[in-house]
(Lines give C-alpha, C1' and ligand atoms only; values in the text may rest on other atoms or scores of the structure.)
Protein backbone atom coordinates (compact mmCIF):
# COMPACT_ATOMS: atom_id res chain seq x y z
CA UNK A 1 0.00 0.00 0.00
CA UNK A 2 1.10 3.56 -0.63
CA UNK A 3 1.65 5.66 2.52
CA UNK A 4 -1.71 7.50 2.39
CA UNK A 5 -3.58 4.23 1.79
CA UNK A 6 -1.70 2.61 4.67
CA UNK A 7 -2.53 5.53 6.95
CA UNK A 8 -6.19 5.33 5.95
CA UNK A 9 -6.17 1.62 6.68
CA UNK A 10 -4.68 2.20 10.13
CA UNK A 11 -7.38 4.79 10.80
CA UNK A 12 -10.08 2.37 9.68
CA UNK A 13 -8.83 -0.50 11.83
CA UNK A 14 -8.57 1.81 14.85
CA UNK A 15 -12.15 2.88 14.32
CA UNK A 16 -13.32 -0.74 14.04
CA UNK A 17 -11.46 -1.56 17.23
CA UNK A 18 -13.08 1.37 19.06
CA UNK A 19 -16.53 0.29 17.84
CA UNK A 20 -15.85 -3.30 18.97
CA UNK A 21 -14.82 -2.02 22.41
CA UNK A 22 -17.90 0.18 22.63
CA UNK A 23 -20.19 -2.68 21.58
CA UNK A 24 -18.61 -5.04 24.09
CA UNK A 25 -19.04 -2.50 26.91
CA UNK A 26 -22.66 -2.00 25.82
CA UNK A 27 -23.34 -5.74 25.98
CA UNK A 28 -21.65 -6.14 29.37
CA UNK A 29 -23.76 -3.27 30.71
CA UNK A 30 -26.91 -5.29 29.96
CA UNK A 31 -25.49 -8.69 30.95
CA UNK A 32 -24.19 -7.29 34.25
CA UNK A 33 -27.71 -6.00 34.90
CA UNK A 34 -26.47 -2.39 35.05
CA UNK A 35 -29.55 -1.27 33.16
CA UNK A 36 -29.52 2.22 34.66
CA UNK A 37 -26.29 2.86 32.73
CA UNK A 38 -27.67 1.50 29.49
CA UNK A 39 -29.27 4.76 28.21
CA UNK A 40 -25.91 6.50 28.58
CA UNK A 41 -24.67 4.55 25.56
CA UNK A 42 -27.09 6.54 23.44
CA UNK A 43 -27.11 10.10 22.18
CA UNK A 44 -29.82 12.45 23.51
CA UNK A 45 -31.68 12.35 20.20
CA UNK A 46 -31.07 8.69 19.47
CA UNK A 47 -33.29 6.21 17.71
CA UNK A 48 -33.67 2.68 19.06
CA UNK A 49 -35.69 0.08 17.23
CA UNK A 50 -36.04 -3.67 17.32
CA UNK A 51 -37.36 -4.90 13.98
CA UNK A 52 -38.07 -8.55 13.15
CA UNK A 53 -36.07 -9.82 10.20
CA UNK A 54 -39.18 -10.64 8.16
CA UNK A 55 -40.26 -7.01 8.33
CA UNK A 56 -36.84 -5.77 7.24
CA UNK A 57 -36.84 -8.08 4.24
CA UNK A 58 -40.38 -7.11 3.25
CA UNK A 59 -39.51 -3.41 3.48
CA UNK A 60 -42.01 -2.96 6.33
CA UNK A 61 -40.81 -0.45 8.89
CA UNK A 62 -42.88 -1.94 11.78
CA UNK A 63 -40.69 -2.19 14.86
CA UNK A 64 -41.68 -4.18 17.94
CA UNK A 65 -39.81 -1.61 20.03
CA UNK A 66 -39.45 2.02 18.99
CA UNK A 67 -37.81 4.79 21.01
CA UNK A 68 -36.67 8.04 19.45
CA UNK A 69 -34.91 9.76 22.32
CA UNK A 70 -32.86 8.84 25.37
CA UNK A 71 -35.68 9.70 27.78
CA UNK A 72 -37.77 6.84 26.36
CA UNK A 73 -34.92 4.45 27.06
CA UNK A 74 -34.74 5.64 30.66
CA UNK A 75 -38.51 5.09 30.95
CA UNK A 76 -38.11 1.55 29.68
CA UNK A 77 -35.58 0.76 32.38
CA UNK A 78 -37.73 2.29 35.11
CA UNK A 79 -40.75 0.29 33.94
CA UNK A 80 -38.69 -2.90 33.78
CA UNK A 81 -37.36 -2.38 37.30
CA UNK A 82 -40.85 -1.77 38.66
CA UNK A 83 -42.21 -4.90 36.98
CA UNK A 84 -39.31 -7.10 38.05
CA UNK A 85 -37.33 -6.36 41.17
CA UNK A 86 -35.09 -9.35 40.61
CA UNK A 87 -34.08 -10.64 37.22
CA UNK A 88 -35.89 -13.83 36.17
CA UNK A 89 -32.86 -14.80 34.12
CA UNK A 90 -29.32 -13.77 33.28
CA UNK A 91 -28.52 -12.65 29.77
CA UNK A 92 -25.30 -13.12 27.85
CA UNK A 93 -24.49 -11.43 24.53
CA UNK A 94 -21.67 -12.57 22.30
CA UNK A 95 -20.96 -10.18 19.44
CA UNK A 96 -18.98 -10.60 16.25
CA UNK A 97 -16.55 -8.02 14.91
CA UNK A 98 -18.21 -4.89 13.50
CA UNK A 99 -18.29 -4.04 9.81
CA UNK A 100 -17.91 -0.40 8.79
CA UNK A 101 -20.42 0.37 6.05
CA UNK A 102 -20.31 4.10 5.55
CA UNK A 103 -19.56 7.45 7.13
CA UNK A 104 -21.77 10.43 6.42
CA UNK A 105 -23.22 13.52 8.07
CA UNK A 106 -25.27 11.37 10.46
CA UNK A 107 -22.23 9.45 11.73
CA UNK A 108 -20.47 6.14 11.26
CA UNK A 109 -22.66 3.35 9.94
CA UNK A 110 -21.73 -0.09 11.17
CA UNK A 111 -23.33 -3.45 11.68
CA UNK A 112 -22.53 -6.23 14.11
CA UNK A 113 -23.92 -9.74 14.49
CA UNK A 114 -24.97 -10.95 17.92
CA UNK A 115 -26.23 -14.01 19.69
CA UNK A 116 -28.14 -13.64 22.94
CA UNK A 117 -28.45 -16.45 25.48
CA UNK A 118 -30.68 -16.45 28.55
CA UNK A 119 -29.92 -18.53 31.63
CA UNK A 120 -32.81 -19.20 33.96
CA UNK A 121 -32.35 -19.33 37.71
CA UNK A 122 -32.56 -23.13 37.52
CA UNK A 123 -29.37 -23.04 35.46
CA UNK A 124 -30.71 -23.86 32.03
CA UNK A 125 -29.12 -21.78 29.26
CA UNK A 126 -30.96 -21.36 25.99
CA UNK A 127 -30.57 -19.49 22.76
CA UNK A 128 -32.94 -16.54 22.86
CA UNK A 129 -32.18 -14.37 19.86
CA UNK A 130 -29.71 -14.00 17.00
CA UNK A 131 -29.52 -11.01 14.74
CA UNK A 132 -27.57 -7.91 13.90
CA UNK A 133 -27.17 -4.41 15.21
CA UNK A 134 -27.45 -1.76 12.51
CA UNK A 135 -25.84 1.26 14.12
CA UNK A 136 -25.18 4.89 13.44
CA UNK A 137 -22.51 6.09 15.82
CA UNK A 138 -21.55 9.62 16.68
CA UNK A 139 -18.64 10.82 18.77
CA UNK A 140 -19.70 13.10 21.65
CA UNK A 141 -16.73 13.53 23.96
CA UNK A 142 -16.75 9.77 24.16
CA UNK A 143 -18.23 7.46 21.57
CA UNK A 144 -22.02 7.27 21.57
CA UNK A 145 -24.32 5.05 19.59
CA UNK A 146 -27.67 5.22 17.90
CA UNK A 147 -28.86 1.73 17.06
CA UNK A 148 -31.59 1.73 14.44
CA UNK B 1 9.34 -4.08 23.52
CA UNK B 2 12.20 -2.77 21.42
CA UNK B 3 11.14 -0.52 18.53
CA UNK B 4 11.35 -3.19 15.80
CA UNK B 5 9.39 -5.67 17.96
CA UNK B 6 6.81 -2.98 18.68
CA UNK B 7 6.51 -2.18 14.97
CA UNK B 8 6.10 -5.87 14.15
CA UNK B 9 3.41 -6.14 16.79
CA UNK B 10 1.53 -3.17 15.34
CA UNK B 11 1.75 -4.80 11.89
CA UNK B 12 0.42 -8.08 13.31
CA UNK B 13 -2.52 -6.50 15.12
CA UNK B 14 -3.42 -4.50 12.01
CA UNK B 15 -3.43 -7.70 10.00
CA UNK B 16 -5.62 -9.46 12.56
CA UNK B 17 -8.01 -6.53 12.49
CA UNK B 18 -8.20 -6.65 8.69
CA UNK B 19 -8.88 -10.39 8.77
CA UNK B 20 -11.60 -9.90 11.40
CA UNK B 21 -13.21 -7.22 9.22
CA UNK B 22 -13.00 -9.46 6.16
CA UNK B 23 -14.49 -12.41 8.04
CA UNK B 24 -17.32 -10.28 9.40
CA UNK B 25 -18.16 -8.96 5.92
CA UNK B 26 -18.06 -12.56 4.62
CA UNK B 27 -20.54 -13.71 7.27
CA UNK B 28 -22.88 -10.75 6.71
CA UNK B 29 -22.86 -11.52 2.98
CA UNK B 30 -24.35 -14.96 3.73
CA UNK B 31 -26.65 -13.83 6.55
CA UNK B 32 -28.01 -10.97 4.44
CA UNK B 33 -28.77 -13.55 1.73
CA UNK B 34 -26.46 -11.78 -0.74
CA UNK B 35 -25.26 -15.15 -1.98
CA UNK B 36 -24.40 -13.86 -5.45
CA UNK B 37 -21.62 -11.78 -3.85
CA UNK B 38 -20.32 -14.71 -1.81
CA UNK B 39 -17.91 -16.14 -4.46
CA UNK B 40 -16.24 -12.74 -4.72
CA UNK B 41 -14.71 -13.33 -1.31
CA UNK B 42 -12.60 -16.08 -2.88
CA UNK B 43 -9.60 -16.08 -5.16
CA UNK B 44 -10.06 -17.46 -8.70
CA UNK B 45 -8.10 -20.60 -7.83
CA UNK B 46 -9.47 -21.00 -4.32
CA UNK B 47 -10.17 -24.15 -2.41
CA UNK B 48 -13.34 -24.47 -0.34
CA UNK B 49 -14.02 -27.51 1.80
CA UNK B 50 -16.32 -28.41 4.63
CA UNK B 51 -14.85 -31.28 6.62
CA UNK B 52 -16.51 -32.88 9.67
CA UNK B 53 -14.40 -32.66 12.79
CA UNK B 54 -14.19 -36.45 13.18
CA UNK B 55 -12.54 -36.72 9.76
CA UNK B 56 -10.01 -34.00 10.58
CA UNK B 57 -9.04 -35.74 13.81
CA UNK B 58 -8.74 -39.14 12.11
CA UNK B 59 -6.55 -37.65 9.38
CA UNK B 60 -9.18 -38.47 6.75
CA UNK B 61 -9.38 -35.83 4.06
CA UNK B 62 -13.02 -36.59 3.13
CA UNK B 63 -14.92 -33.33 2.76
CA UNK B 64 -18.69 -33.14 2.56
CA UNK B 65 -18.30 -30.13 0.28
CA UNK B 66 -15.33 -29.68 -2.01
CA UNK B 67 -14.81 -26.86 -4.51
CA UNK B 68 -11.42 -26.02 -5.97
CA UNK B 69 -12.15 -22.90 -7.95
CA UNK B 70 -14.42 -19.89 -7.80
CA UNK B 71 -16.57 -21.13 -10.70
CA UNK B 72 -17.72 -24.08 -8.60
CA UNK B 73 -18.81 -21.69 -5.88
CA UNK B 74 -20.84 -19.68 -8.40
CA UNK B 75 -22.47 -22.94 -9.55
CA UNK B 76 -23.41 -23.76 -5.97
CA UNK B 77 -25.21 -20.46 -5.58
CA UNK B 78 -27.05 -20.85 -8.89
CA UNK B 79 -28.15 -24.38 -7.91
CA UNK B 80 -29.28 -23.18 -4.50
CA UNK B 81 -31.30 -20.33 -5.97
CA UNK B 82 -32.99 -22.69 -8.43
CA UNK B 83 -33.86 -25.15 -5.69
CA UNK B 84 -35.12 -22.50 -3.29
CA UNK B 85 -36.55 -19.26 -4.57
CA UNK B 86 -37.19 -18.04 -1.03
CA UNK B 87 -35.04 -18.90 1.95
CA UNK B 88 -36.59 -21.48 4.32
CA UNK B 89 -34.70 -19.90 7.17
CA UNK B 90 -32.45 -16.99 8.08
CA UNK B 91 -28.88 -17.68 9.09
CA UNK B 92 -26.75 -15.80 11.58
CA UNK B 93 -23.01 -16.31 12.03
CA UNK B 94 -21.14 -15.03 15.06
CA UNK B 95 -17.38 -15.30 14.72
CA UNK B 96 -14.60 -15.08 17.27
CA UNK B 97 -11.40 -13.12 16.76
CA UNK B 98 -9.00 -14.69 14.23
CA UNK B 99 -5.70 -16.29 15.21
CA UNK B 100 -2.72 -15.81 12.90
CA UNK B 101 -0.89 -19.12 12.55
CA UNK B 102 1.66 -18.62 9.84
CA UNK B 103 2.59 -16.69 6.73
CA UNK B 104 4.20 -18.46 3.80
CA UNK B 105 4.29 -18.46 0.01
CA UNK B 106 0.64 -19.53 -0.15
CA UNK B 107 -0.56 -16.63 1.99
CA UNK B 108 -1.59 -15.83 5.54
CA UNK B 109 -2.81 -18.82 7.51
CA UNK B 110 -5.45 -18.02 10.09
CA UNK B 111 -8.24 -19.77 11.93
CA UNK B 112 -11.47 -18.43 13.36
CA UNK B 113 -14.17 -20.07 15.47
CA UNK B 114 -17.79 -19.63 14.47
CA UNK B 115 -21.27 -20.46 15.64
CA UNK B 116 -24.09 -20.61 13.12
CA UNK B 117 -27.73 -20.19 14.11
CA UNK B 118 -30.74 -20.76 11.86
CA UNK B 119 -34.08 -19.05 12.41
CA UNK B 120 -37.09 -20.65 10.77
CA UNK B 121 -39.92 -18.59 9.34
CA UNK B 122 -42.01 -19.50 12.42
CA UNK B 123 -39.47 -17.59 14.50
CA UNK B 124 -37.68 -20.46 16.20
CA UNK B 125 -33.90 -19.98 16.40
CA UNK B 126 -31.68 -22.99 16.84
CA UNK B 127 -28.01 -23.80 16.97
CA UNK B 128 -27.07 -25.32 13.63
CA UNK B 129 -23.30 -25.64 13.54
CA UNK B 130 -20.20 -24.72 15.50
CA UNK B 131 -16.69 -25.08 14.21
CA UNK B 132 -13.70 -23.23 12.86
CA UNK B 133 -12.59 -21.70 9.61
CA UNK B 134 -9.08 -22.71 8.61
CA UNK B 135 -8.12 -20.07 6.09
CA UNK B 136 -5.34 -19.19 3.73
CA UNK B 137 -5.72 -15.58 2.72
CA UNK B 138 -4.07 -13.77 -0.13
CA UNK B 139 -4.16 -10.05 -0.91
CA UNK B 140 -5.34 -9.32 -4.46
CA UNK B 141 -6.01 -5.59 -4.73
CA UNK B 142 -8.35 -6.16 -1.83
CA UNK B 143 -8.13 -8.99 0.64
CA UNK B 144 -9.30 -12.35 -0.66
CA UNK B 145 -9.73 -15.62 1.12
CA UNK B 146 -9.30 -19.31 0.46
CA UNK B 147 -10.99 -21.30 3.19
CA UNK B 148 -9.79 -24.87 3.34
CA UNK C 1 -8.38 14.11 19.87
CA UNK C 2 -5.18 15.88 20.86
CA UNK C 3 -1.96 14.05 19.92
CA UNK C 4 -1.34 12.51 23.39
CA UNK C 5 -4.98 11.37 23.61
CA UNK C 6 -4.72 9.90 20.11
CA UNK C 7 -1.49 8.08 21.02
CA UNK C 8 -3.10 6.73 24.19
CA UNK C 9 -6.06 5.53 22.17
CA UNK C 10 -3.78 3.73 19.70
CA UNK C 11 -2.01 2.08 22.65
CA UNK C 12 -5.34 1.01 24.12
CA UNK C 13 -6.67 -0.48 20.89
CA UNK C 14 -3.39 -2.36 20.36
CA UNK C 15 -3.70 -3.80 23.83
CA UNK C 16 -7.30 -4.85 23.21
CA UNK C 17 -6.24 -6.49 19.97
CA UNK C 18 -3.44 -8.40 21.72
CA UNK C 19 -5.85 -9.58 24.41
CA UNK C 20 -8.36 -10.69 21.77
CA UNK C 21 -5.60 -12.64 20.00
CA UNK C 22 -4.48 -14.22 23.26
CA UNK C 23 -8.05 -15.17 24.20
CA UNK C 24 -8.68 -16.66 20.77
CA UNK C 25 -5.49 -18.76 20.97
CA UNK C 26 -6.52 -19.87 24.48
CA UNK C 27 -9.92 -21.02 23.24
CA UNK C 28 -8.46 -22.84 20.22
CA UNK C 29 -6.06 -24.64 22.53
CA UNK C 30 -9.01 -26.19 24.36
CA UNK C 31 -11.21 -26.73 21.30
CA UNK C 32 -8.32 -28.39 19.44
CA UNK C 33 -7.94 -30.73 22.44
CA UNK C 34 -4.36 -29.52 23.04
CA UNK C 35 -5.00 -29.58 26.76
CA UNK C 36 -1.35 -30.17 27.63
CA UNK C 37 -0.60 -26.67 26.31
CA UNK C 38 -3.46 -25.10 28.25
CA UNK C 39 -1.56 -24.43 31.53
CA UNK C 40 1.08 -22.50 29.54
CA UNK C 41 -1.44 -19.72 29.09
CA UNK C 42 -1.22 -19.06 32.82
CA UNK C 43 1.41 -17.45 35.03
CA UNK C 44 3.20 -19.68 37.55
CA UNK C 45 1.29 -18.10 40.44
CA UNK C 46 -2.03 -17.78 38.64
CA UNK C 47 -5.51 -18.05 40.03
CA UNK C 48 -8.18 -19.95 38.12
CA UNK C 49 -11.75 -20.08 39.33
CA UNK C 50 -15.10 -20.99 37.88
CA UNK C 51 -17.85 -19.27 39.83
CA UNK C 52 -21.59 -19.62 39.11
CA UNK C 53 -23.27 -16.33 38.33
CA UNK C 54 -25.68 -16.62 41.29
CA UNK C 55 -22.71 -16.74 43.67
CA UNK C 56 -21.07 -13.71 42.09
CA UNK C 57 -24.29 -11.70 42.42
CA UNK C 58 -24.82 -12.77 46.01
CA UNK C 59 -21.24 -11.83 46.90
CA UNK C 60 -20.45 -15.45 47.75
CA UNK C 61 -16.92 -16.39 46.78
CA UNK C 62 -17.70 -20.13 46.41
CA UNK C 63 -16.09 -21.41 43.21
CA UNK C 64 -16.91 -24.79 41.68
CA UNK C 65 -13.32 -24.97 40.45
CA UNK C 66 -10.45 -23.32 42.29
CA UNK C 67 -6.75 -23.53 41.36
CA UNK C 68 -4.19 -21.07 42.66
CA UNK C 69 -1.08 -22.10 40.78
CA UNK C 70 -0.12 -23.51 37.41
CA UNK C 71 0.76 -26.92 38.89
CA UNK C 72 -2.87 -27.47 39.84
CA UNK C 73 -3.90 -26.78 36.25
CA UNK C 74 -1.40 -29.37 35.02
CA UNK C 75 -2.85 -31.87 37.52
CA UNK C 76 -6.33 -31.20 36.20
CA UNK C 77 -5.25 -32.05 32.66
CA UNK C 78 -3.46 -35.23 33.78
CA UNK C 79 -6.54 -36.34 35.74
CA UNK C 80 -8.81 -35.57 32.80
CA UNK C 81 -6.62 -37.53 30.40
CA UNK C 82 -6.56 -40.55 32.73
CA UNK C 83 -10.33 -40.46 33.11
CA UNK C 84 -11.02 -40.04 29.40
CA UNK C 85 -8.58 -41.32 26.81
CA UNK C 86 -10.79 -40.10 23.99
CA UNK C 87 -12.96 -37.00 24.16
CA UNK C 88 -16.68 -37.74 24.58
CA UNK C 89 -17.45 -34.51 22.76
CA UNK C 90 -15.85 -31.65 20.88
CA UNK C 91 -15.99 -28.19 22.37
CA UNK C 92 -16.22 -24.87 20.56
CA UNK C 93 -15.80 -21.48 22.20
CA UNK C 94 -16.85 -18.26 20.52
CA UNK C 95 -15.66 -15.16 22.36
CA UNK C 96 -16.69 -11.55 22.10
CA UNK C 97 -14.26 -8.63 22.00
CA UNK C 98 -12.54 -7.92 25.33
CA UNK C 99 -13.26 -4.87 27.44
CA UNK C 100 -10.37 -3.22 29.27
CA UNK C 101 -11.47 -2.32 32.79
CA UNK C 102 -8.38 -1.22 34.63
CA UNK C 103 -4.61 -1.51 34.86
CA UNK C 104 -2.91 -1.69 38.24
CA UNK C 105 0.01 -3.34 39.98
CA UNK C 106 -1.51 -6.78 39.49
CA UNK C 107 -1.84 -6.38 35.72
CA UNK C 108 -4.41 -5.56 33.08
CA UNK C 109 -7.99 -6.22 34.10
CA UNK C 110 -10.26 -7.26 31.27
CA UNK C 111 -13.47 -9.16 30.75
CA UNK C 112 -14.72 -11.12 27.78
CA UNK C 113 -18.04 -12.81 27.09
CA UNK C 114 -18.07 -16.36 25.78
CA UNK C 115 -20.44 -19.02 24.58
CA UNK C 116 -19.39 -22.66 24.73
CA UNK C 117 -20.95 -25.34 22.55
CA UNK C 118 -20.42 -29.07 22.86
CA UNK C 119 -20.82 -31.46 19.94
CA UNK C 120 -21.33 -35.11 20.80
CA UNK C 121 -19.87 -37.86 18.69
CA UNK C 122 -23.34 -38.49 17.20
CA UNK C 123 -23.12 -34.98 15.72
CA UNK C 124 -25.57 -33.12 17.95
CA UNK C 125 -24.36 -29.65 18.93
CA UNK C 126 -25.80 -28.01 22.02
CA UNK C 127 -25.30 -24.88 24.04
CA UNK C 128 -23.35 -25.83 27.14
CA UNK C 129 -22.39 -22.61 28.89
CA UNK C 130 -22.47 -18.85 28.45
CA UNK C 131 -20.67 -16.42 30.71
CA UNK C 132 -17.74 -14.10 30.97
CA UNK C 133 -14.03 -14.34 31.66
CA UNK C 134 -12.85 -11.89 34.29
CA UNK C 135 -9.12 -11.73 33.69
CA UNK C 136 -6.01 -10.22 35.15
CA UNK C 137 -3.26 -10.38 32.55
CA UNK C 138 0.44 -9.94 33.04
CA UNK C 139 3.12 -9.74 30.38
CA UNK C 140 5.94 -12.27 30.94
CA UNK C 141 8.05 -12.37 27.80
CA UNK C 142 4.84 -13.20 26.04
CA UNK C 143 1.37 -12.33 27.29
CA UNK C 144 0.13 -14.53 30.10
CA UNK C 145 -3.25 -14.61 31.76
CA UNK C 146 -4.73 -15.18 35.18
CA UNK C 147 -8.45 -15.77 34.86
CA UNK C 148 -10.31 -15.24 38.11
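Observations, loosely collected:
Residue numbering begins at 1 within each chain, and the chains themselves are lettered A, B and C in the order written.
Please note the rule applied: contacts are C-beta pairs under 8 Å (C-beta built on N, C-alpha and C of every residue); 3 or more make two chains touch, one makes a residue touch a chain.
Bear in mind that the values here come from a model prediction, so they are computed numbers and not experimental data.
Seen as a C-alpha superposition, chain A sits on chain B after a turn of 120°, to the nearest 5. In this structure chain A contacts its sequence twin chain C using mostly different residue numbers, the overlap staying below half. Remark: chain A and chain C have CA centroids separated by 24 Å (rounded to whole angstrom). Shared interface positions of chain C, defined as residues touching 2 or more other chains, are 17, 94-95, 97, 115, 127. Residues 14, 17-18, 20-21, 23-25, 27-28, 31, 33, 90, 92-95, 97, 115, 117, 119, 121, 123, 125-127 of chain A touch chain C in their complex.
Remark: chain C residues 9-10, 13, 16-17, 52-54, 57, 94-100, 111-115, 127-132 touch chain A in the complex.
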